[in-house]
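Once you scroll down, you'll see the structures, which are given as structure tokens.
Common to both upcoming complexes is subunit A, partnered first by subunit B, then by subunit C.
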Partner chain A sequence: MRKLILIPLLLVAILLSSCDEPFSPKGKYLERYALFGIMRADTNLQVVTVTKSYDVEGLNPYANKKDPFIKNCFIRIWRGNDEVHILRDSATVRNIDKRYSDSAHFYYTNNFTPQKGDELSIECLLPNGRRLKATTKVIQPIEIDYSGTDLEIPVTDKKFAQVKWRSSVEDLVYSPQVELYYDKAVNGRWELHTVKVPMKYAVINGHKTPIWPSPSHRNYVQIDTVVVGQILKSISEGDPNKSHYRIRALIFSIYIYDRNLSAFYSSSKKIGDEFSVRVDERDFTNIDGGFGVFGSYTEKKTAILFTEKYIRSFGYVPLKTF
Partner chain B sequence: MKLKKIKLLFLLLSLVLTSNIPAQNTGKLRGFLTDKRTGEALAFGNVFIKEIDRGASTNTEGLYFITGIPGGKEYKVTFSYVGYKTKVLKIFIAKNKITQVNVALEQGSIELGTVEKIGKKTVEKNEANIGLQRITAKQLESIPQSVEPDIFRSIQTMPGVRYTGDISARYYVRGGASNQNLVLLNGTPIYNPFHAFGMFSVIDPEIMNSAEFYKGGFPAQYGGRLSSILRIQTKDGNSNKYGAKAIASFLTAKALLEGPIPHGSFIFSGRRTYSTRVLKKFLNGNQPPFEFYDIFGKLTYRNPGFIPGAKFSFQGFSSLDRLLNDNPLKEDFKWVNNLFAFNWFQVYSGPLYSQFTISYSQFLGELIPNFSKARPKKNKVDDISLKMDFHYLFDNKNEIEFGVQFQSLHTILKMENQFGINTKIDNSGAYIGTFFKYKFLQYENFGADVGFRADLKGLMDAGDFFIEPRVNLTYNVFPWFKLKGSWGVYQQEITTVSEESEVISLFEPYIIIPDYLPVSRAIHYIAGFEIQPLVPLTITTEAYYKKMNNITAVNDNKKFLEDKDLLRAQGEAYGVEFSLNYLTRPVTFTASYSLAWAYKEVNNWLYLPRFDARHTINLSLGLNLGKGWRANAMWIFGSGLPYTQIIGYYDKLALGDFHNQWYIYDSYLPYAILGDRNLGRLPDYHRLDLSLAKKFDFKFVKVDLDFSILNVYNRKNIFYFQRDTGEIVNMLPFFPSATIKVEL
Partner chain C sequence: MKKNNLIKILLLVILTFAFQSCDKQLSVSPPMSPVPVGFIHIDSRPSGALIYEDGRNSGMRTPASLNWLEEKTYLFTLKKELYRDTSFTVTITEGDSEYIFVDYYKNPWMRGTIYCNTNTTGASIYLNDSLLQEKTPLKIKGLIPGTYRVKYSKAGFRTDSTTAIVHSGKVADAVVSLTDTTYWVDFNTRTSQIPDNSITAIKVDDNNVKWIGTLEKGLVAYDDKNWTFYNSSNSPLPGNTVTTIYIDKTNRVWVGTLSGAAVLDHGSWEVFTTENCPLPTNIINDIDVQDDGTYWLATRMGLLKHSNGFGWYFYDSLKSGLPHRWVTSIAHDDLGNMWIGSNGFGLAKLTPDGEWKVYLNYMKLGTKYEKAPFPSNIVSRIETYKNEVWIGFNPDPTTRIGGLVRYRQGRWYTHYNPLPSHIIFSIDLQTNTQNGMLRKWISTYQGLVTFVDFSDRIEYRRVNTPLNVENFHGVAFDKKTGYVWVATYGGGLYKLKKKF
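Presenting the complex of A and B:
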């Protein structure tokens, strides 16, 4: 019996000396490649980056100080089967990522504006002979759903003004932005001004915090009309000459990500919850032969106007034409 | 081919039925074994007649039935149950009659810690029950607790059962996924039986009377899952006097009320969280704003004047978990389980008893996005079931059991995957099935449980007209050496759509398997032996092979709406388990070792699932120190679980809102590149838990104090590592906890 009791005690004694074991989650390093290209339908400047993977001592990837950008790639973009654009390399000053000491390198073309519905292909020939390929389709325009969209402010029976839209493609990510457009008389001349409008204000950790529209799958955006009133009031705060302000409209600008960019955005932002833990989730890529994304986005704009009475209630001048 | 099988079946059936030669001049003894103080059924107790070397175990209703007793004689019948004083009664057995004797046993004194006088082995010499573990409420008390006593956590310490983290009560049985385990509360399925990210089960151990856990080879009355069955039977409530219990742990407070009603009893219990601070240790310092409660109520009615031999039970169970963020930029969660059931247990005038159950089980899980980027998620499961089982006992000890089951299941799932792709599934199905089994117990050294389950109408179209044969055998080579074996085919038509890569999962939705996939099926082969060289010592060994066909895997490469949510996968598991039990009055010692392999194949890619542990050792020592003191120690070892290694990093575009900035030039963050799935192995897992408990028995009040320490030597068992940073997240550190129970 005594021997039986001794067994676990003996085990404790042995194990107390080995409570922590060295462990590295890393396996053998294998070189991989990444290509990022997001085609904009609102400009003729298109930019692509190509990098290779890297490894570091330990587990802090920020310890890598060597820019993984791959020079001397031969990159072509096709629109359909006919039109091809060859990208050149260049560099610019780093504004965000300061890990690397040299400039931010990239490939570009300034002679290509994708159109809605375009089928685009990219091929990148790396200096070592490997190829990265991808295709994407610029998304068709969305349609404003006027049955769910308010045309003017104030709205009746609701505390918010809403713009709703519909798309023939599901699961897209939309990035809306709402701005108040107004004119201000300066030295006798009207100057155009804009101010961003949050969806609402919320008290977070005891502070009044604006909740801005952000990219999501929602096919609508709602703006608290109280917030609109507050913004309208704030633009002339301290200025007794309210007639120096001419209010135009609330302008809704919606970026529509294509299917590849939408999926990439969703996987990057880990849209879900903060408590679930996924240890080896898949990384979205549509790049054949590597990581990254080749996608595009387009833009749709619409407006909600103000009633004359509403504008005059602030002392401003209404301007319905825009 | 089908006709041939049916002919064979009928031939077998007629052989079986004609083998029961009517016994002249024999009598039968039956009755209920109950607790004298509470009137609760004593499940798995033993009744034994030494003169004829014959006995029976009580079932979960406390019913025992001994047939074929030479009549016209008086016998000394021994009634025995662990922790209770053994009773020996002189009972006259009349010829060709059923003698009914209900016996109430008195609990043993705290000081003596009474043990059972008759071993299970004496009574169940030829019971074909490989893979079955029985747990009583008393046994649950002897396991060191992590905050809350939990039936699921006690299961995790059994050989062949694995878990992937201290924080989770989810369990994996013999290489099967967690969705292959069926949990039944009084015969009614619970689909998501977990509180708080799977940390605890929703079933409060205070309401539990007994549990049966089949690790495999489960007999024909159970179906619908591929790997395991956990059947929990609740208490009926004290039918003799009113009583109340109040229990507090660091996490929850709970109360239980019970007492007699005319011709029956009631029991109501409720538990809710009052602080979640203690869970910080479970969640790496993160204190989630969640709360949960569960309530249970049961009314039992037995009135011989109404229907002799009948027992009616009405029960309701509800559990709610809520995660409410006070930040509108974060999403909220809600999980609800609702169960309602009516149960009619009937003992007839002949050697027959039946069980009729009609039940409704609902699970609802919801994500409410608020102003977060998340989209609403919803999973709703509505299950209406009707079951009728009949159990007939022959004079030659053989038994027949058959039954029918109707099930209507409706599952709704609305969710998005990690790439933001929506899934909307709304499936309904109706199941009609029947089972039949014959238990050969007439031979001294041989026992068999042979039967089949006929799925006449499946939840899925592909599940129609399928026969699941089941065979369990036992052969006593020597009185101290028993050979056991099992073979069976199993079918499952529901699954969960949750990623295997989720080590903590908030949303694990159940759906009927979509019709683009075949039905999941498994075959179990189990063989083993049991040695009892000394009365208190039992050594068992079981080897198993399990082949799982057409199981499901979440399509983690679903990038677009047209891609399927689930993929067809195959699974294979095999291993061997050894266990040793040494049970005496002051000391109980159990040791078990499992050697196991598990594989899963998806799209011709074979990998080890996360719960594949090669070696597992459990050592448990319980000491009854007298005067109400009890001490327990448990040491657990598991070889490292598979994980996916980091094979480098790349700079990934960190997208923001393009309205504010054009990110393409230099907005990049390092991102870990993972190698092939689960090729690495985490370091070995081990931990020692200790507990010390004291019972105080005052005149009107009983007080139980329990103090437990988990991970006594503060082993840093790795749970997972953060992919972004490589930071290692450990499981539970040194963790003391205490509970107090006051019983009136």
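Presenting the complex of A and C:
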């Protein structure tokens, strides 16, 4: 009977002590590689970065001060089978991520402009013999949907000006950007100027904060016409010579991410607010042999003009041809 | 017994907990495959062949090493410009190192052929400056692909050359039409130092130097050995478009351009433009110099004369007897008359006494006007010999015909038809002929005509000469050889090796 009493005690002891081992959220460090290459159809300069995973003491990944960039990679980008571009390495002043003290390294080619419909492939041979490979297809540009696009500002019966577009491919991510183009007379000569226009202003923590268009699946962008008026007014603030300003148009630049880039953006973007993360967050990669993304984007521009009366209401000179 | 069973069951439960309760699931990255270590080095002769790996351009050229290759069979293709593609397969195994060398030169299939031929058979062939035993026509086989210079020479023909690009397995043509220099020797930008193939004027001076005016490259002097170039950059010559050349009795070289006139007086230049003399325009159409040194500059806005002791005198159509201010050509005869051609108002004569006579092809009231049997009233060229005047006419909008007219001792002679063209650019009179008779050379838009008597005339055109143009702008006569130097517009200069 005394033995029987010992058994539950043993059971409790095992339950409480046999699994009692220190838990660390860090796994065993494994060296992994990531390639990021976003091909731009609006320039002949293409940039690729290759990095490796790193380990830190403790749990703060930002404790790492050593740039994880991998040097001496042999990177090639193909368009079809015959055209190949071998990327060279370079470095520039680091102005985004200041935690690394040395220059920002990258690989580039300045002789390659992807065209719509191009099938591109990339191969990166790492110094240790491993290869990172990926393919992507440059997306066809979108078409502006003029049935849902305003042609002039001011617009009637609405508080916003809208540009809408359509694409033959679904689930793409679009990143719009809006700029005001205007000329300013300097020493008797007209100089072209641009200023970025937010979608609207919001009051956050008591401060008037611009809300910029962000990448999304939406196939339209709307700009508050009151904001446009404020921007128009601000360009000549303090300058009594309003006739020294010639207003051209509101230029909408829509950057269209290809499938890979859209999937990567969708998988990595935050939702809700800046304090929330997706609990089902997962890494997207199309890099065979590593992580990262190899994608492309194209650009489509369109303009919304201003009525002459509207421009003159600010004292400016309208310019409809540009 | 029951108690023992209970103990056994409890022990089993404990053991199960002991072995299973700590069985935790961990998420780990998939293991990475081992790094392939295959290696191949590919070289070729000649080097620089582009390496295709499994049908895709690797971006590398021979010699090159390809590292870290996977274990498999690769299809490599070497592509080199001018050569056939060379393909081969290589099976890479773990830790294997392969060395491939492709010698293009040893492969007879890589060789090519040049077909050498000339318009006249039996020309000697130089291949990259090495004289071959054989003569044209010839097929040179077994050549390594590349660029070859093929030169041909044959007595009586101008030595000429071409380049042939040999590809593997193909025949490259190196066919050249050699210029027959038995009679005609060509001087153009390809065969000589002459800077422009459009020659606008030519004259030979007393030292037998050929003075050549060009459309865009100024004035050129050629003494049968050396070429000397005068243009607005390296000399006082006011412009590079030469319109006329005149050699005076003292062997001075007068040059008219679209930017003024100049005279080269035994090494010294004097320039005449609107800035330093009463020229109404810098566009000079013609120049004439009389034996007493009086010189005349004909322009499209009047006629300017300079005589020693009197200085400048300007003739225009309002204040003088000049019938039209657009003066196309001017010449003096042995009687001291000045013959002045106009662009639309016929021919004028200014006597040494200062009297004007104007000849038109229609009747016009006035004592100074006289009707003459002209084909038109546009005078293109006037040339004089003693008291004989030769006048070339271009078609005017009314008659649409041009032609040649001679004036001698008050009579007009018009039986100089047909000419190859109605457009006459130049009349040149040759006195140093073998029989001492005056030979006339008429340069037209579509051929060159020469005659002593018009019935025995010779026409030089593309069909009966090696010339590739028919647009003639004048001839001049070599004082040593008696040969004729022929100016063409577009074809350069020719020497006609024939004595007349």
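Note that in this section the second predicted complex is superposed on the first by the 288 of 322 C-alpha atoms of A that agree within 3 Å, B and C clash if a C-alpha of one lies under 4 Å from a C-alpha of the other, contacts with A are read in each partner's own complex, and residues count from 1 in each chain.
We take it that a contact is a pair of C-beta atoms (placed from the backbone, for glycine too) under 8 Å apart; a residue touches a chain by one contact, two chains touch by 3 or more.
Worth saying up front: this structure is predicted, and the values here are computed from it rather than measured.
By the touch criterion stated above, A:H85 is placed in contact with subunit C alone, subunit B being left untouched. In the superposition on chain A, A:Y146 makes contact with neither subunit B nor subunit C. Legend: residue contacts after superposition of the two complexes on their common chain; A:L30 is shown touching both subunit B and subunit C. Once the two complexes are laid over each other on the shared chain, residue contacts for A:N95 go to subunit B alone; subunit C is not touched.
Applying the stated contact rule after C-alpha superposition, one finds that A:F284 touches subunit B and leaves subunit C untouched. In the overlay built on the shared chain, the residue A:R130 is in contact with subunit C alone; subunit B does not reach it. Residue contacts after overlaying the shared chain place A:S262 against subunit B, while subunit C stays out of touching range. Considering which of subunit B and subunit C touches more of subunit A, the answer is B. Residues 4, 7, 11, 15, 19, 21, 27-28, 30, 32 of subunit A are contacted both by subunit B in one complex and by subunit C in the other. Per the touch definition, subunit B reaches subunit A in the complex via residues 197, 283, 286, 288, 323, 327-331, 333, 367, 371, 373-375, 416, 418-422, 499, 501-507, 556-557, 559-561, 582, 587, 589, 619, 621, 623, 633, 635, 643-655, 657-659, 661, 663-675, 677-680, 682-684, 686, 688, 712-716, 718, 720-721, 723, 725-728. Chain contact summary for the complex, subunit A toward subunit C: residues 3-4, 7, 10-11, 14-15, 18-19, 21, 27-28, 30, 32, 76, 78, 81-86, 125, 128-131.
Touching subunit A in their complex are the following residues of subunit C: 3, 6-7, 10-11, 13-14, 17-18, 21-22, 26, 28-29, 32, 35-37, 52, 55-59, 67-68. Only residues 1, 4-5, 7-8, 11-12, 15-16, 19-21, 23, 25-34, 36-38, 47-49, 51-56, 58-62, 64, 68, 92, 94-97, 104, 106, 170-171, 173, 175, 177, 199-200, 202, 204-205, 211, 214-218, 253, 255, 259, 262-284, 286, 291-293, 297 of subunit A touch subunit B when the two sit together in their complex.
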